[in-house]
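In order of appearance the chains are A, B, C and D, and numbering begins at 1 in each one.
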């Protein structure tokens, strides 16, 4: 399973990096493969572990903020166990005949 | 906690209502307060129960489809236990001085 | 075309209804069909008009707040002009054999 | 302005890379800075140009598919013109005291 997690504290001003970092730390320590980008973190792993991680991330932010806004996008396919994190990008690059990694 | 759940089967054609209905049935049977709208279902309840329900909805669709795309938006505030499902809409209506319920 | 719009001011505290109301007012005045729910507003109409409205909503909030976080979900099908706002919910209700409107 | 765009064809089977590539091609040709990841593409640029691009991406997919599901997340702050694509990730990495780029 692959999931994009984005957790935002509401009511903590406009600079959120220090809050977001505390959530990313939990993702980093989970041992799951992940990739941080400018609008969220994409995580890959066993479904139960990813769902647990989503919950942990949300709860962590709730320790730090009165109100929390979390968005999650999940993509799971039965025939594709593992490596979607890389393969999805590579499949698009192959179609384009172009390496987009910068 | 309030969460909007949207679960879509990929690869099952363009008419998805019969698939979506099976997920909404699980939400309906959960006993949690919810409201179905054209782009998803908004559910309210205890955090653990809502997270469990999200997982159940996603897994249900995975029984029915090779690939599943799930999007979730969560809004939780510590000072507001219960009734956000109605209160959030009412607070906006009050500001507008207008009842938007149609 | 049907679109769910959710526009949140970042850095304006935890009570956002007065800000959200100003965006909903723009949607209300657009003349397009819409439905406000607890996690966003679902709007239906001609594609160009809906895209214009999304932009207007985002810009309105940017007048009111230093930082704005907007999420949009769009569902468009070529064979279904109009009435998706109601029909999508009705199609699910029909499958369930149950009226969910409360 | 920074926006994450994700455009999915509904009813075109489970392998979507060839469709997604046609949308990413449009983003690539727009001249805007962007970063493709496993759950979408994050684009940065002037607000009008980014909104135009979102519309173009959605319409491109509609040429290729009967039904299209598009999700967009936008983050804009008035005091931060440009470079959010990199700075947001760097700010989190700085907080963590760790380079996450792999």
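By definition in this document, contacts are C-beta pairs under 8 Å (C-beta built on N, C-alpha and C of every residue); 3 or more make two chains touch, one makes a residue touch a chain.
Bear in mind that the values here come from a model prediction, so they are computed numbers and not experimental data.
Asks: Determine which of the two chain pairs, A-B or B-D, is joined by the larger number of C-beta pairs in contact.
Replies: It is A-B, judged by the count of C-beta pairs in contact.
Asks: Distance between chain A and chain D based on Cα centroids, please, to the nearest Å.
Replies: Those two chain centres are 15 Å apart.
Asks: Hey, how far is the Cα centre of chain A from the one of chain B, in Å?
Replies: Distance between chain centres: 21 Å.
Asks: Counting only Cα atoms for the centres, state how far chain B is from chain D in Å.
Replies: 25
Asks: Where in chain B do residues touch two or more of the other chains?
Replies: Chain B, residues with two or more chain partners: 10, 14, 66-67, 69, 71, 73, 75, 77, 79.
Asks: If each chain is a dot and touching chains are joined, what shape do you get: line, ring, star, complete or other?
Replies: Its topology is that of a complete graph.
Asks: Note which residues of chain A are touching chain B in the complex, please.
Replies: Listed in rising order, the residues are 10, 47, 51, 54-55, 58-59, 62, 66-79.
Asks: What does chain C use to touch chain B in their complex?
Replies: 2, 4, 6, 14, 17-18, 20-21, 24-25, 28, 35-40, 42, 44, 71, 73, 75, 77, 79, 84-86, 88-89, 91-96, 98, 100, 102
Asks: Can you list the chain A residues touching chain C in their complex?
Replies: 8, 10-11, 13-14, 16, 66-67, 69, 71
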